[in-house]
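Pasting the structures in now, so scroll down.
Shared between the two complexes below is chain A, which pairs with chain B and chain C, respectively.
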Partner chain A sequence: MEAALQVLVSGLLTGMGYALAAIGMTLILGIGRVLNLAHGGFFALGAYAAFQTTVWGLPAVVGAAPAAAAGVVLGAAVERAAVRPIRTYPLAAAIVLLGVAILAEEGFRLVWGSTYRSVPLRLPPLLIGQVVVSTEQIGGAAIAAVALGALALFLRSRPGLALRAAAADPEIATLSGIDVGRLQTATFGVACGMAAGAGAFLSPLLTVSPTMGRVPLIISIAMVVLGGAGRVWGTLIASLVIGLLSTAVAFYFAAAWSYIFTLLVIIGILVWRRDGALGRAER
Partner chain B sequence: MIRRRSFIEHVFALVAAASLLAVPTLSHGALSPIDIGAILPSTGPFAAGGEAALNALALAADEINADGGVLGHPIRLDSGDTEGRPEIARAEALRLIERDRVWAVIGGYLSEETLLVQEVAATERVLHIVPVAAAMEITDRIARDPQYRYSFRVAYNITQWAELLSDYLLDQHVHTYAFVGAAIQWNQELARDLADRLRDRGISELSRSSYSPTSPVIDPIVIALRTHPPDVVVVGDPGPDSIEFVKLARELGLGSEILSVGGALGDARVARTLPRGAYLTFQAAAWRGLTPQATRYWGAFQNRYHYLPVGYSDTLPHDALIVLAEAARAAHSIDRDRVATALAGGRFPGAAGTYAFDRSHQAMWGEGGLRGVVIAWENGEDHVIFPLRR
Partner chain C sequence: MSNRSLAAAPRSAKERPLVTPRQAAWCFAPLILAFVVQDRFTLAVLALAGVQAFFVASWDLLGGVSGQVSLGHALPFGTGAYAAMLLSGWSRWPPAAAVAGGALAGAAAAALQGRLGAHLSRLSLALLTLATAEAARELSGMLELTSQEGTLVGGEGGVPGVLFPWNEATAARIIAAALAVGLIALLRVARSNLGLAMRTVREDDRGAAASGINVVRVRVAAFALAGGVAGLAGGFAAGLVGRATPSMLSLEASLFVLAAAGVGGLGTVIGPATAGYALTAVLQWLDLSGPVRLTIYAVLVIAVGLAAPEGVISIRGLGRWDRWRIRRA
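So, the complex of A and B:
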């Protein structure tokens, strides 16, 4: 029973970690109609910012705000310079962003080398009954919850309505006087900032390396596809379900099977419902 | 126009004068350089290990050149990036051997890469030193087929790693252990070998867990280990996931000793970031203070790169080049056949110990040869805990 409870808590916290990485991706896909293959690069940028902060003798969390700000600025710049001119060609835009991701990896390698880097853990774990909870994971989950809450509130506001209109139909939104281009740039920048912030916050539990953005990128794509492109709550639910499922499979069967099982579930769901398991529920 | 021609003439005169000054330096200097191909990953998931190996090779090349080179020939490194992919390693081996005409190759990094590099080297009859890869197939084929007689392994094989691990666990009077690692061939073979050695010697393997190297799920493994904690958790993953495993294990309150098989957890920069007080040990080929050569190597590496070597993925490539140069000196020739004969029959001191090769060209283990060590990190400080000099 204790183990089952521990699996439940760990699975949900893992899912919240996935959500933190995936929310920005779904926003960009929904509003910008672009698959941001550079998303993992921004995640790694945040982690390296946190690492560098610790090199200077400061706590890693201090690096989160500048990392997020740098993510917003760089993300917006990438969108304006590389995505906007080819936005009507989604495949070309995705390939350009893949190029940006590779450039980012090489940039990290030039500045910090290929060596694995580690950010110290900040706080001791919590013991709740017989269940041990990682304070670092709780921090990540809290950040994801705050980001989602802020997003939910924003989407109910007037600018949020414009964002939803742009996501639903960019052409009609433009005819209604909404500056869709500016919204897309802002969304791209904010989403990249979220990825960088997530990387900074989760860095103490990860190994910092130039290629560390690849796994969050793949997980984000899987969660977005499963939850439905542009559907924030769908992405959150998909993240929680997959986090829980992968943890339970690894605990009760074998850890090596977890990845295979998760992929099989995702493939099965996509074959069953092409727009994601949770796509229609949100319409 | 006249002024312009005058300027050009001056430039030519300066270049000619510089050339004349340079000629004596070149002519009375060393013989033509010997090119050595270093086939290692500079990019991709194994780039950290490749970078360390290349740093150590550059250090070794400078040591050799400062000592007069190889019979007067300076050593020059020519690297090829495998990207962690066997087919790229093979292509780089072909490029270095056929186009750049290197004298010898050192690499690859993974066993899968090394097997393909070994095939190319055998076909082209080029000397090949295996610095890191541990798969038994590498030396088995040397014993089987004389075509591979130019290959020599300074790296430890899986049997030797398992022997050091089992000796340490027996020395520590451990009763139970668990094996954790990425689902790769190296870990599977190591876990099997270790369990076979310890089965009848009073040490039980409580569990064996592996995770996907591309998408590791570590939490459930730690939760399971907490349910029945072993005395020691052997982490057979020298990659980045071992760092995450240690952090999560301490976060979730697993109190067992964690013993890592070399790699990332041997990096002092990483060790300093791990939870204080955690009992973390790791296995290495050598460590500073054990021999004068090791201490000298540690000092030179730290002076040059401003961090400590990890005692395996850098130390053994360093020794690979040193051994190769010493063999040529022993053979009094750079003829590949004569150097291969010298390698097969000689004894060569390196930072990790004295290298002598058996009939399968595997560096031998034990008394008078290579020993290996277990190091403990305690609050960021390193201590050799096995074998103790009693």
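So, the complex of A and C:
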């Protein structure tokens, strides 16, 4: 019973962390009409930033702010240079972003080397009843929840309305005077910043290595296709579900099976929902 | 868009010879090279280049001719490698039979990918192929078997089989001969009625269905044929090192194919094969490390994607100036 409770709590906390990355991806799909296969690269950037802050003796969560800022700037730059010129070709954009992801991996290898690193927990863990939770993870999930709450409020505001209009129909939005191109760049940047933040929050649970971004990429894609591309709340619920189920699979079977489980979720939903799974990306 | 459909309008199978003399010359160039070269290191390099050219050419039938861009073509390649090693190492099949078995296994794996994705859009299909190949790679790293000698094989170390009893010269020549035959076969398929159907489906699947083409069958056939050739290449690749490893199913292998096919020009079969051959030969000759190679592939993929996002399919056969103008437009 305690084990199940432990799995429930850590699954939900993990799902909350990944939700930040997945909702970023779903926003890019909804507003930018692009499948960001470089999302994992930004996640890894955040994890390395967290690693670097622990090297300096600070808790990993502290690395999240500079990581998110770097993610925003780099993400916007990638959007301008690599996505905007080919936005009307969703497949080419996805493939180019895959190339960017591989380049990022090699960049991490140059800076931090190929060695596998772990991010130590600097704050004492909490014991709630019979369940052990790391303070960093609670902090990360709380910050993720606050960030998502802020996003929800923003989407209800006037600029948020412009964003939703751009997602619903870019051409009509342009006709009503919305600078859709700029919105798309901003969304891409913010979403990449969210991925980097998620990477920083989740880094203590993961092994930090140059190719570590691939698993979070697949997890984010699974959450997006399960929750519905461009749907923030659907993606949030899907994130919690997948976070919970993959933690359960990792706990009761083996950690490697949870990755295969996530891949099977993607395959299953793509086959079942057909193109609905990726929303309007190719419409 | 209009330029594209004009230039890429499917031609009838009888309009041009199935294989032009120039294409035939390209098909046989590696074979001639394998007989001219005497140096053992170069021959080993050429053998590997031939295998990779095969792999890229098979992808082009799928991604170029039939327009189904796969990000997981490593799946049939790696499946072919594993099947060939299991057949040669465990069932003691001779190399030729083991490679043929690899081809069949590759065809089956790719046909599964194609069947699952037959109704999907290009982007969803790309994602589906990526996910299937990643799942296979992950499984290959986890599953372990006990061999007849009682040792544990599989996992990240891969499955050992039989090192094909060929020296460098024989290996290079056999592979180059297989490549020549295989490329001509691929070209003939691309120019056949089936190839015509593939190109029609690529340009407009609803139109193709309306004119009586069974779209799903054509798509799955493209996957199966391409997977068969990729499985053959995988069988050769594993036979050259005597082992099938999870890296043969990896994203890196799929990325290499994308880079080479993009550089060579999608849908031309010979172009991607030549690019794959040259790229492998040069990188192997220079003995560059894995990360450096991967960086080169990534840069090539980005450059090709930005320069010709619609695929270079349509602009073949036009003058350089026309190509430039189409790209600008």
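Everything that follows uses one rule, which is that the second predicted complex is superposed on the first by the 234 of 283 C-alpha atoms of A that agree within 3 Å, B and C clash if a C-alpha of one lies under 4 Å from a C-alpha of the other, contacts with A are read in each partner's own complex, and residues count from 1 in each chain.
The rule is simple: a contact is a pair of C-beta atoms (placed from the backbone, for glycine too) under 8 Å apart; a residue touches a chain by one contact, two chains touch by 3 or more.
The model shown is predicted, which means the values in this text are computed figures rather than measured ones.
Novice: Kindly classify A:L270 by the partners it touches after superposition: chain B alone (first), chain C alone (second), both, or neither?
Specialist: So A:L270 only meets chain C here.
Novice: So, A:T14: does it touch chain B (first), chain C (second), both, or neither?
Specialist: Once the two structures are laid over each other on A, A:T14 reaches chain B alone.
Novice: In the overlaid three-chain picture, which partner chain does A:R109 touch, first (chain B) or second (chain C), both, or neither?
Specialist: Touch status of A:R109: both partners.
Novice: Kindly classify A:Y259 by the partners it touches after superposition: chain B alone (first), chain C alone (second), both, or neither?
Specialist: Once the two structures are laid over each other on A, A:Y259 reaches both partners.
Novice: For A:A94, decide between first (touching chain B), second (touching chain C), both and neither.
Specialist: In the superposition, A:A94 touches chain C alone.
Novice: Applying the touch criterion given at the start, work out whether A:N36 contacts chain B, chain C, both or neither, answering first, second, both or neither.
Specialist: Touch partners of A:N36: none, neither chain B nor chain C.
Novice: Would you sort A:S220 into first (chain B), second (chain C), both or neither based on which partner it touches?
Specialist: Touch partners of A:S220: none, neither chain B nor chain C.
Novice: Name the contact category of A:A250: first (chain B only), second (chain C only), both, or neither.
Specialist: After superposing on A, A:A250 lies in contact with chain B but is clear of chain C.
Novice: Where on chain A do chain B and chain C both make contact?
Specialist: 106, 109, 114, 218, 254, 256, 259-260
Novice: Which residues of chain C touch chain A once you look at their complex with the stated criterion?
Specialist: 69, 71, 116-117, 119-124, 126-128, 131-132, 134-135, 138-139, 141-142, 251, 255, 258, 291, 294-295, 297-302, 305-306, 309-311
Novice: For the complex, give me every residue of chain B touching chain A.
Specialist: Residue positions touching the partner: 42-45, 47-48, 50-52, 183, 209-212, 214-221, 223-224, 226-227, 239-241, 243-244, 247-248, 250-253, 264, 267, 269-270, 272-275.
Novice: Hey, which residues of chain A end up touching chain C in the complex?
Specialist: That would be residues 35, 82, 85-86, 88-96, 98-100, 102-103, 105-106, 109, 114, 214, 218, 221, 254, 256-257, 259-260, 263-264, 266-267, 270-271, 274-275, 277-278, 281-282 of chain A.
Novice: For the complex, give me every residue of chain A touching chain B.
Specialist: 3, 6-7, 10-11, 14, 54, 106, 109, 113-121, 125, 127, 132, 134-137, 204-207, 209-212, 215, 218-219, 246-248, 250-251, 254-256, 258-260, 262
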